[in-house]
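Here the chain labels run A, B, C, D, E and F in written order, and each chain numbers its own residues starting at 1.
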Amino acid sequence: MPSTSTRQYQLQPKHAPTISPSSTMARSRAALAALAIAVLVSACAADPEPVQDFCVAAAKTAGADGQATFPGFPCKPESTVVSDDFFFAGLSQSGAAAANDSPFGSAVTAGNVEAFPGLNTLGVSINRVDLAPGGVNPLHSHPRSAELVHVVAGEMLVGFISTAGKFYSKMVGEGESFVIPRGMVHFQYNAARNGTARAVTVFNSQLPGVVLAAPSLFGAEPEVPDAVLAKSFQVDGEIIKLLKSKFQN
Amino acid sequence: MPSTSTRQYQLQPKHAPTISPSSTMARSRAALAALAIAVLVSACAADPEPVQDFCVAAAKTAGADGQATFPGFPCKPESTVVSDDFFFAGLSQSGAAAANDSPFGSAVTAGNVEAFPGLNTLGVSINRVDLAPGGVNPLHSHPRSAELVHVVAGEMLVGFISTAGKFYSKMVGEGESFVIPRGMVHFQYNAARNGTARAVTVFNSQLPGVVLAAPSLFGAEPEVPDAVLAKSFQVDGEIIKLLKSKFQN
Amino acid sequence: MPSTSTRQYQLQPKHAPTISPSSTMARSRAALAALAIAVLVSACAADPEPVQDFCVAAAKTAGADGQATFPGFPCKPESTVVSDDFFFAGLSQSGAAAANDSPFGSAVTAGNVEAFPGLNTLGVSINRVDLAPGGVNPLHSHPRSAELVHVVAGEMLVGFISTAGKFYSKMVGEGESFVIPRGMVHFQYNAARNGTARAVTVFNSQLPGVVLAAPSLFGAEPEVPDAVLAKSFQVDGEIIKLLKSKFQN
Amino acid sequence: MPSTSTRQYQLQPKHAPTISPSSTMARSRAALAALAIAVLVSACAADPEPVQDFCVAAAKTAGADGQATFPGFPCKPESTVVSDDFFFAGLSQSGAAAANDSPFGSAVTAGNVEAFPGLNTLGVSINRVDLAPGGVNPLHSHPRSAELVHVVAGEMLVGFISTAGKFYSKMVGEGESFVIPRGMVHFQYNAARNGTARAVTVFNSQLPGVVLAAPSLFGAEPEVPDAVLAKSFQVDGEIIKLLKSKFQN
Amino acid sequence: MPSTSTRQYQLQPKHAPTISPSSTMARSRAALAALAIAVLVSACAADPEPVQDFCVAAAKTAGADGQATFPGFPCKPESTVVSDDFFFAGLSQSGAAAANDSPFGSAVTAGNVEAFPGLNTLGVSINRVDLAPGGVNPLHSHPRSAELVHVVAGEMLVGFISTAGKFYSKMVGEGESFVIPRGMVHFQYNAARNGTARAVTVFNSQLPGVVLAAPSLFGAEPEVPDAVLAKSFQVDGEIIKLLKSKFQN
Amino acid sequence: MPSTSTRQYQLQPKHAPTISPSSTMARSRAALAALAIAVLVSACAADPEPVQDFCVAAAKTAGADGQATFPGFPCKPESTVVSDDFFFAGLSQSGAAAANDSPFGSAVTAGNVEAFPGLNTLGVSINRVDLAPGGVNPLHSHPRSAELVHVVAGEMLVGFISTAGKFYSKMVGEGESFVIPRGMVHFQYNAARNGTARAVTVFNSQLPGVVLAAPSLFGAEPEVPDAVLAKSFQVDGEIIKLLKSKFQN
């Protein structure tokens, strides 16, 4: 049962406005860890056709010792595959506390191939999104997957921006769904003052990949040059420095 | 908002063992309707890559007047696309009563491209499965999609048979998930004496297609010859006739 | 020349009606062997695009010693590839005797990538089907391939059931062909009292995979619960036990 | 039953060495017709994933009246599809006479989507190749399909050239097979002084496309400039003119 | 020759810092036009396999009159296709003046399927990028295509951010190339004080699609709520309003 | 920086008409080397979907020691990937001298995955073509890629032959482009008496593969039988021997 490898990440920028200074460093480390996980989450993004019934992911040991690897995950020997390999309990634990604790007010528990090895080659995955009151699963895109948001509790504003620059959004309640085309920037937002909201988000990819808009642009390592950011956002360098201060260490 | 086109189907064979004779004819018609819907559900099975941000499905009018059609669905003009096209409320209504009323003890509410036109070309869909106590979503396969079962309420036994003839299964509780490889025969079963169970099942296809094992073999029109069925199942013609009586009109 | 690795399988359920009890155990073992081969035949089912001119399959040694493997087959070093790697003689031997000896009255000689390593990555394969008088290549489906049946000798009824529950069939004579869409349940049946029939069946997959309808449902290991089968087929437990007795050991 | 639309083409260059001058004009017209058919045969070359169980090809009327068309073939309305749509008798007639009558000594009867509309979207097709003694199915390639040659009668030399410039070939007898990777130049040749040979060639495409090496280079319309051909083949203009004389009108 | 349909777009935010107030309205309209073109550019993003040799794009008239359309472009009748359909002269005109005139200091001339109809179904396209001194082709991503930047004149800094948050960049001179993986945010920047720079950028898609980072987030219509943007960028509403003022009308 | 592994190949048949006899042997060896490189260039031809952001190609050591390998290239460990892996300087050096020195009057410098490892899994590549006055990049096809020719200096005739036998061509000048569908036979030809010409050719494949028409047919090893070539080209054996003499050793 792969539940011990479940990954729960809290998206945390460096200096969150509502957080006391003393906790900044700890949070920075948490943010780094979150980013590291986001990296793992987004390392793969496309899903070729399966060539076998299944190929339960085995540990990628070759990569660990600095050797060259092939893309994707190797298969556990078929003789050792058991029913538990197709089972995943990682989304049953609440992410509400983690959401509260995050500057974004959100927590995403990933049920992708890294947490749930049985998904390998099957082209589908599922995340759990918990939103604190006022929390947002911040603007991001998935390079290789559409996303279907299905609200399980509470309600949330779900929206995306098309490449034509049109913003489509809807308040989505319990048992209702909203779909986001592949590659489009989108978010989920709990506008309520009280009351959490929860959704499962499902993907047609075993590892949809995540490009978090703000951390990607302003928190990259090494830094994207200020001149490039300033010209792209049509603002001066002070604004760029302010934005960078939120996402860098 | 496409919720009026939501399809809820109850899988009903002709002579369900626990059903009084007087209700047979009404049930036969219901079974036919159910089958007709299953046909619609399974008319498309594969998902090519999208070639645009989205292509909200418009009515397939060409087919209605007997003209030749191209595979798949045409797109609503982009200028008429609104946020509601990406929204679907059809899974918010309970299928518990329909499950109780079905000889299988189950009801599947489809959230595929026929019910939710915004899914067109996006390669993802979602169903709701309600199981009465003792109910089963009967043995079936999806020709073009893996399936991830995520239990929302209660618990159910979920299992599939690999092409190697191995049976993998697990009791899956609230918030837990089980994944079924593409094309494998599988089921969901509520073993509880009391208490319903509910899941969402998600697919990496906008219309995964359904091959219901028993109705397909024993209820086809015209009939599959008895000799072929008898030899394939290694039983005599009486057993075949009995099985056919459950699924034909 | 890979002809020594040609696989010829006889599909044999446990208790075939016309078979004397004393031969049951031997047949059971044969059935097991047949099933084992069917498993190999169906281990892969999808065909990604080739990335080289060819990649003649080498032995999958990594899997043999319990190590993790990547999906598919490794390539023989190109410098060792010879003309014989693209040649296959395995279908030139008659399967008529094997068909006579089988409770189904049929023998399938596989010319897929496991028998014919040169097919690796080329996305095509070919089987030979021999049918004794009254024999049937029992109801089955191929998860990843359409099938074109081309009759070489005699005539046979070929049919499939669409996901819409319609049964399409035709008596197909020498030099004639019939095509079966991907994933649809189908069969070939020699209705003649005397005279064998023979076909080649061709696939757009190097390993199309086989789901044998009856053995899959009633012969899985471990067993599919009786309650699930009984509810799915709408019959009582006695019928299920009878059906299971034909395909289990 | 689409057998009336079966296409049988004889590949005929303009001035075949063994042909009397008086028959040249008639042959030129035949060659033109053959080329026209080769064009139809090769109009489509790739096969996307099917999106429905099947889509029996209807006439492409839109193209006939000069309107823009979508790639591929439209579908016959599903309600009008019958068993005969999946059946094809076109390969049951001998091509031996046509092979004798052809300067190449070969006749190819096509069983692709244009002759056999039921193949549309199914990704598989089959041809019959008849070879007179000394006849050759001349050097050609299929841009979008591997080819598996299965000899039904007699024997023939089958060979292909890899992109590495290696020539792989084998004498293939009755019941034996040889496979040719996608896009590689290949041929079948009946080296026997007496006795015809016959094969079925199967493809993982509904319309594999044909690039006939010599007619393509030396018979194109308008002509490929002599200077380009002379430099590419490293011969002088006289040789190019000789070669062109064989394939142009 | 389709050069009259060549699209040259200058990416222009509303209030560019170096632009006099009196020209704002004119620029706003120019920005709108630019955005409209960007929309066209990004309307398609994925490329299915071709099913014919070619399918030269015809006008999409069905869409013009409010009818439903199929995804992609229809084909010009093959009989009307001429050599000029495969030819494109649109990149031969300098974009230097347009780059100078743009607040970003850049001009992109598109050679995608909308400008060059012969590319339809061929899965490849090419743009010309002109950069004024200090100009940037602002941060953006292509949802469906990798990009290979080949510098033709001058030199430019080219960089992208991986989903792991790593920034890869290089100063690329004349005749040199840099490649950007699919979906990654990237830019080209001419750091020189004097001297323009020019590149061709090539894509494995006929219409790669463009998500311009800043205009997409801050210039969408209707507006993305300030609360969502503020929480995502971890700044207060004033900063968001400032950023929106640059890209909205 | 992989520029040391840049491959520049001069296409050289054995006896080029304008070359003095004494230089034949040296040229033969050069031709062999050229062929060897062409082989490498064409070893891979298709591009599956990427499954990670990138996978910079590492050396294929497994193949070197005679072991079985998987198709494609392994990935350098991600921690060792640097900006230079995405950079390629190999096309900045002129191929004019090599073109002059070649019997075809052309030199192609490859920027495919073998020369530029960062392209691995990204599905795009770029070549540089230098043509001496009167030089031709000889008739050839790419099994797995369309080609967009973009002229950088001078002008050249670019043409291809469709599978329908139609020849499409155009004189293409500086800054202009011409596109060639996948798998079609094509060439570039510098008709000028003085003045070189130069183009970049871009592909939607990391290794498009090359089938050189004349060397493939007349220079294969072992030789394609004269009888097969004579019958296919409808000429006598003397002409075949002459043609073979140009491309064999």
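One rule holds in what follows: a residue touches a chain if its C-beta (ideal position, glycine included) is under 8 Å from a C-beta of that chain, and two chains touch if they have at least 3 such contacts.
Just so it is clear, the model here is predicted, and its values are computed rather than measured.
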item	value
Fewest touching-chain hops separating chain A from chain E	1
Same-site or different-site touching of chain D by its copy chain F, using the half cut	same
C-alpha-based rotation, chain C on chain F, 0 to 180 degrees, nearest 5	120
Remotest chain, chain A as reference, centres from CA atoms	D
Distance from chain E to chain D - Cα centre to Cα centre, in angstrom	43
Distance from the mean Cα position of chain D to that of chain A, given in whole angstrom	51
Multi-partner residues of chain D (at least 2 other chains)	42-43, 45, 47-48, 50, 53, 70, 72, 78, 163-164, 182, 184, 209
Residue ranges of chain F in contact with chain D within the complex	13, 15-17, 35, 38-39, 42-43, 45, 103-105, 134-136, 138-139, 141, 143-144, 157, 159, 161, 163-167, 182-185, 187, 189, 191, 209-211, 213-225, 227-229, 231-236, 239, 242-243, 246-247
List of chain A residues in touch with chain B within their complex	47, 50, 53-54, 78, 81-89, 91-93, 111, 116, 118-119, 122-126, 146-148, 150, 152, 160, 162-164, 168-170, 172-182, 184, 200, 202-205
